[in-house]
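Paired with chain B in one complex and with chain C in the other, chain A is shared by the two complexes that follow.
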Partner chain A sequence: MSLWVDKHRPTSLNKLDYHKDQASRLKMLVQSGDFPHLLVYGPSGSGKKTRIMCLLRELYGSGVEKLRIEQNSFTTPSNKKIEISTISSNYHIEVNPSDAGNSDRVVIQELIKTVAQVNQLETSTQKEFKVVVLTEVDRLTKDAQHALRRTMEKYMATCRLILCCNSTSKVIPAIHSRCLGIRVAAPTIEEISQILQSTCKKEGLNLPLELAKKIAVKSNRNLRRALLMCEACRVQQYPFSPDQEVAEPDWELYLKETAGMIVQQQSPKRLLEVRARLYELLTHCIPPDVIMKGLLQELITNCDGQLKTEVVQNAAFFEHRLQLGQKAIYHLEAFVAKFMAIYKRFFEEGIADLF
Partner chain B sequence: MQAFLKTGSSKLSTSKEKVTPSSSSSSKESKDKRKHVPWVEKYRPRCVDDVAYQDEVVAVLKKSLEGSDLPNLLFYGSPGTGKTSTILAAARELFGHEMYKTRILELNASDERGISVVREKVKTFAQQSASGIRPDGKPCPPFKIIILDEADSMTGDAQSALRRTMEKESKTTRFCLICNYVSRIIEPIASRCAKFRFKPLAEDVLKKRLRYICGKEEITCEEEAFTALLDTSEGDLRKAITHLQSASRFKGEETITKDDIYDIAGVVPAEVIDQIIKVCHSDSYEKLDKTIMEQIFNGHSGMQLINQIHDKIVVSDELGDKQKSIICDKLAIVDKYLMDGADEYLQIMALCTTIMQQICHADK
Partner chain C sequence: MAKQQSTLTSLWTQTHHSNIDDSVIILSDDDDLAFQPPVKKVACNQDISVLKAVSSKKAIQWVSSSFGDFEKDVDRCHNKPSSASASFLNKKSTFKSSQSHAGKREGTVSSSNNSSLNHIKQKANTDLWSDKFAPKIQSALAVHKKKIAEVEAWMQQQLIANTKRSSMLLLTGPAGVGKTATVRVLAQELKFELQEWINPITSQYSGTFSVEENPIHRTDKRYDAPLSESQLKLFQDFILRASRYNSLDIFGSNSAGKKILLVEDFPNIFFRDAASFHEILRKYRQTGGNPIIFIVSDSTRGESNQRLLFPQELQQNLHIDNISFNPIAMTSMIKVLSKIASTEAAQKGGTFECPSKSVIESLAMSSAGDIRAAVNALQFACLKGICDKRRDRTSKGQHGKSKPVDPNKNFLKCKKSAKVLDLETSAEAELAAIGGRDTSLFLFRALGKILYCKREDPSTCENLPALPPHLSQYYRDPLQIYPEDVVEKSHLSGEYFTAYLHQNYMEFFSELEDVVQASEYLSCADFLTINWATRSALQDYAVSVATRGIVFCNTSKARHSSSGSGLGWKPLHKPQCYTTAKMVRENLENASFFFKGYSWHPDVLHTEIIPYLSLTNTTLHDPGQIRFVQEMCRYSSHQIKSSERLNEQDVDIMETEDHEDYGMRKNNSIGSFPCTGMEVPSLGLPVDADDDIPSSQPDVKNIPPDDDDVVIEDYDD
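Up next, the complex of A and B:
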């Protein structure tokens, strides 16, 4: 049995639930049998991948759904072997080059060249070009992005690239100017709750509107997450009741507790305890930037207006350091310590003013 | 012609065909295939004369076409100003189709070009001698050209390895380095080349070119859409043409409007920016948080947001010079942090809280 997320994924551009306007434009785009390089961007869970697959299906027919997983190995100039897995059909190939870490440039150079240099044999019945889907382009190193530039122009005749990323800020302008940008906005709360209800209907379940709304709000406008949550609710209790508890991921609760601890007391001892909890979160593979944002969101509610600005500035500062640095815990801890200092000073000043 | 269309890599069909690319595609089949060529490739200048707006370079290259020598060249300038096009056009005119392969070595960032490649490939190519006579007996320049595109992404080591080669082989080889940022080219290399800056194209030049393409492609385009194209492209002709082509693909036969262009360019609508500025006036963190969150969910890129906020702030009347300078200082920091890969939400919040502070609590 597959998850609802996969089971009810729309397979054609006509069946998409939201951004219908954009869908019809995309349809128009591929109708001529051709399209430029695309750069699809939007927050996670907004349906970028779904749209790409729909587009490919529209272009090549159902053949693109016959997927196979392949292991490719590349050798860097310094004789280091890189293994990378690709998902491909006869018409397209999907890679996440950032898996290769620092050597992603080699992957880009080798892979795209091998794909692009081979012409499709039967041009009368097939399309002349193949499609390379690169995911997480924003994680690519600058080197790799530069390597993409000329490749994109050079192999235009045999190969189209679809780049997929969360944010275009980290994509160099040179690439941006070579692609048609497609922005996929996250679905609104209403759209999510509608989709949840229609999905449940397809499953033969009855989902009350209140609960659907509740899940939608909790999901942070991430459709994938909403569907997973909905399925979790179903396992928990069926028939649904409108005031049913929507289970939040336990790490979020844990994070909230941690934030509460920080606000409660500001001392080196507490810092040590918080450190242990942060470590716990990190060992469970919660990304450090998510922890940072979660902490900020909780902490900020306990602050006064002026203080908020200062805290946000510091969060931004330490998050940047975190991206540059190697070990996340230092920066998270630094932020916590800084917050404690600011908070305590603020309180002491407040008390001093009283007397 | 067929081969040219199929493999975009060999953009070097003979100049005769180049002059009339549309008329030569008489059969229906080749007309279909023609669609696959992006307009940026299709309307690349075919000869040096076609290069728009870059007068100094064109003058130098023309001299060399008339038979005089060519210095080592270093082209720099913002993207889409015609650097690569110029040298490719010049090379094609100098050597013609047959000799192009043997006389030109083009390396760009997509090729491997660490220090080992410079030592082996570039050096061997540079050491070959070149005669001053074409196979058909006509004279041609007695040198080869090595084009190093996107040279600013070469490592310093690789650049250093070029130094001596450049001098030693000056009899037979000319180098042409192309880059966006001249500061990333090491000094010894820069001093060995004649530097040419490619200016961002002026608006009327851009417009003329776009109109020409519109005419050729038989698409209709609103007057305002041209203005929008100029706005969004910032002197980058490639960007403008790509946007135009994308818009025409999206719209099919219909007229292209200004909104289409803004949509494709990923520009954040002006109302959104106004709203953010307005929220900054309210001095309420919660409202700001909500607005920014909304925009992030809508998928607007952080970079674009701060660029547009910047445009608004600079011309704003209500802010004093000091306030503006503080905000711009923060803007620069945020820009740098974003480039480093920091989280968009946090950075934009940091910027907006600064703006809020400056608007509501200045002089504190």
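Up next, the complex of A and C:
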């Protein structure tokens, strides 16, 4: 299986399509022989991972592309076994410590210790440090982040960390200040449509500019998404027509339907139906915050100006709880109920004004 | 010393004339040592004799169980050696007593007689009322008529039907609701012979003990030998053989009637190894024989014996009928208690103080439908009355120190003398301490109590705080329940209880505004417990917020008169959020298994990659991947999966199930894809999912798999 997203992923810093200035700076950084810990952040689908892989290739050559998957198991002090899969080459190791849940601290400490204690084989030809890539750093517990801070300093000699996250707001300042922050901004609509067109050219297809723009807008400046959409369009219809529909994933359609149901009728019975649909979405591994966001975006289009602020305020209130709480469904449901009440009140007032 | 010895021997022989055996005593030759134990033995022998008398009497009154003749048998067996030993002892004692003064002996004997008489009197007083007043006829049973009729119908059916296959009946219900009593009474009325299994006491250690201590006991060991077989074997023998052979007609018991086996006392081994029990049952079912009645007491805790010993499928396979008893109703309980109290009063005459009606009522209330506990509590409560009387008398100096004082009574006395306050209220409080037990609620009822939130008539209550006029909308009639109390009695963690409430509260609300508030309270409850360090402490507050929030928000039930209006009975469901969480975990695991070659974050994988994989014509090498993608992209648009219904007696066993299931799935998911309840089309070729698979699918199959630009070597072992 190879999606266009994988197939046409740029492999070197030179080949990157946008933020070229930043790419050349990274190249300079590598050429200077050494580099600090990095904190790469930016929205989803902006090419953080691609950039990191390019950087590693620049550092170690094509050897980093020989990847293997390993299952590492760690034992917590409370004798609980944790299995974590890592992707590694001879020069680097990539791990998503948030898979470990609450005991991510152990994973981070053990993993970095084992990696850092083994020196590179040939220091003469290779760099003398290894790289540990940690993804989803913003999902780490505070405990793990503090552990990371200490580990970073301790093993500076033999290993470098590249941290990757969507937002730095959940990364503690202590880590933030120890790393060189690299922000990878989402590509602009123009950049995306250009990439889409060049990708299609490589595939031997002809993509009209209008459709490329349409996809780019619809993808919400998420390049990965844009490429996937483009590929879906290709399956849907070829040759492309400029006014063709851009396919959306099923869950989004389902979510939109759900939002429609909420606007249609406001009653406890309907809320019960909505709850069942929310459960269905959750079962399909759609993260609750994504559901909340999607719902709000759909619902807000049905609201008038004054109402919008109230709805958004409530959404923010419950989203905050949702992030902190354990039972997402309580908060999602509370938000839906609140929206129903607001909307119903607004509607009844509107009718009262008419007469 | 010699005197003392002689008195002791005489006392000893005296007791041995009453045909009670204690063969151990004879065996030691050393007098000084031998005389230490008999003193104790005498007392305990007397106890035995009294108990024996009572129990044999009881056996006659009660129902002539097949073990009745066993008891007699035992008596007979005991008689022989004891008479022999007595004669032996007599010789010994005459030899000893010849050395002592006769007059002295006379005196001691009389005194010992006296004390033994006292003892018997005492015993009769303290015999458990639950045994003494056990029902003998059907009308005396406090069990609901319908239940009795059900059991009776089953028994009569056994009487008529003479099928090869033996039928089994399972009686369940909380402890002390009269399951056994019903069976016994009915068996007697229908002329059934009841054969009960009683766990044998394995005599392994006593055997070794006797070998070391005294060689004579070796002969006894031969009789012990069959007992040291495994309980399992013994039980099997009992079950399979008891029906074969009739009991010997030596004692003129009514062996003409049909037999029923009664198993109430399950051998311990079956709780560890239920499968062997099931095996025995199957065998019994096939070989046929007399009907069996099993009695299992419920518990509100998770480890229900019924689930373990009689799983649903076994009950269906072997056609085991199940009749479950409910707690005894208050009215019949009060009736029985007052009847017992009055008969007791009639028997005792002036010395007995009949407890007041309110006392009986409060006893019945605190026993939570357990009639045995209630009767015993009543006895205990009456005992206190006697005690009070006695104290009065002792203070007057009429009675000496002749009556031994029970430490319990002593304690009560102290308590009483300490509290010379208001008699009525203190009595009430103490009664609760006597008869009360930790009541518990089945989950179903606990949820019902919160969701239906019955309220009291405010006119009956006094001193209700009034709300200022501008807050009158928040006025609610006083509640009949304490929400925290209900949660505590449900034996469930706050989190689970809240989840159950969340699953079910919506159906009880009619106003959207109320739902908004209630859902917000639930959200608050979850928010209270976000910090794991303080979670355990805050859990109680969270559940309090949730329950009280839901009770308060339901404005349609704000008044006592409005309760239950137009709602009727609603089914309750198990919380979906745990099953959902489980499925999410499973799906995530499967996803990371099928797509482990790609280092996508789970979020990205599920929101972007998998949905688009189903839309594009990418070749998936693994049929598991194909199926997984199809499944993950199918949304049930109209059919709402209703979660499992909650049964009246369900206890929460979700946690353990969850865990087991999880582990099992984990094993399964390696290599094969678990198809959890969803329809999975046959391999690769979609049956009904044309829209999920691109039209160009056949072409795609011919395209050779491209070489990935990322070479991934799988070192997974």
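Please note the rule applied: the second predicted complex is superposed on the first by the 346 of 355 C-alpha atoms of A that agree within 3 Å, B and C clash if a C-alpha of one lies under 4 Å from a C-alpha of the other, contacts with A are read in each partner's own complex, and residues count from 1 in each chain.
Throughout what follows, a contact is a pair of C-beta atoms (placed from the backbone, for glycine too) under 8 Å apart; a residue touches a chain by one contact, two chains touch by 3 or more.
Nothing here was measured: the structure is a model prediction, and the numbers come from that model.
*Asks:* Given the touch rule stated above, what does A:109 touch, chain B (first), chain C (second), both, or neither?
*Replies:* First partner only, chain B.
*Asks:* With the two structures laid over each other on chain A, which partner does A:324 touch: chain B (first), chain C (second), both, or neither?
*Replies:* The answer is both, since A:324 touches chain B and chain C.
*Asks:* Between chain B (first) and chain C (second), which does A:240 come into contact with in this model arrangement: first, second, both, or neither?
*Replies:* After superposing on A, A:240 lies clear of both chain B and chain C.
*Asks:* Between chain B (first) and chain C (second), which does A:343 come into contact with in this model arrangement: first, second, both, or neither?
*Replies:* After superposing on A, A:343 lies clear of both chain B and chain C.
*Asks:* Applying the document's definition of touch, where does A:46 land relative to chain B and chain C: first, second, both, or neither?
*Replies:* After superposing on A, A:46 lies in contact with chain B but is clear of chain C.
*Asks:* So, A:308: does it touch chain B (first), chain C (second), both, or neither?
*Replies:* Only chain B is touched by A:308; chain C is not.
*Asks:* In the overlaid three-chain picture, which partner chain does A:28 touch, first (chain B) or second (chain C), both, or neither?
*Replies:* first
*Asks:* Report, in rising order, the residues of chain A that make contact with chain B in one complex and with chain C in the other.
*Replies:* 324
*Asks:* How about chain A: which of its residues touch chain B in the complex?
*Replies:* Its residues touching chain B are 25, 28-29, 32-36, 41-43, 46, 77, 108-109, 113, 119, 128-129, 138, 142-143, 146-151, 153-158, 167-170, 173-174, 177-181, 183-186, 221, 289, 292-293, 296, 300, 305-306, 308-309, 312-313, 315-317, 319-320, 323-324.
*Asks:* Per the contact definition, I'd like the list of chain C residues that touch chain A in the complex.
*Replies:* 499, 502, 506-507, 509-513, 515-516, 519-520, 522-523, 525-527, 529-530, 532, 576-577, 580, 583-584, 587-588, 591-592, 596-599, 601-604, 606-609, 611-621, 625, 632-637, 640-641, 694, 696, 705-706, 708-716
*Asks:* Over in the complex, which chain B residues touch chain A? Could you list them?
*Replies:* Per the stated touch rule, the residues are 5-9, 33, 35-38, 40-41, 79-80, 108-112, 114, 116, 149-150, 153, 180, 236, 238-239, 242, 245-246, 249-252, 264-266, 283, 285, 289, 296-304, 334, 337-347, 349-350, 353-354, 356-357, 361.
*Asks:* Flag every residue of chain A that touches chain C in the complex, lowest number first.
*Replies:* Per the stated touch rule, the residues are 1-3, 6-7, 9, 11, 44-45, 49, 65-71, 85, 87, 94, 96, 102, 135-136, 222, 224-225, 228-229, 231-232, 234-236, 247, 249-252, 254, 257, 266-268, 271-273, 275-277, 279-287, 290, 318, 321, 324-327, 329-331, 333-334, 337-338, 340-341, 344.
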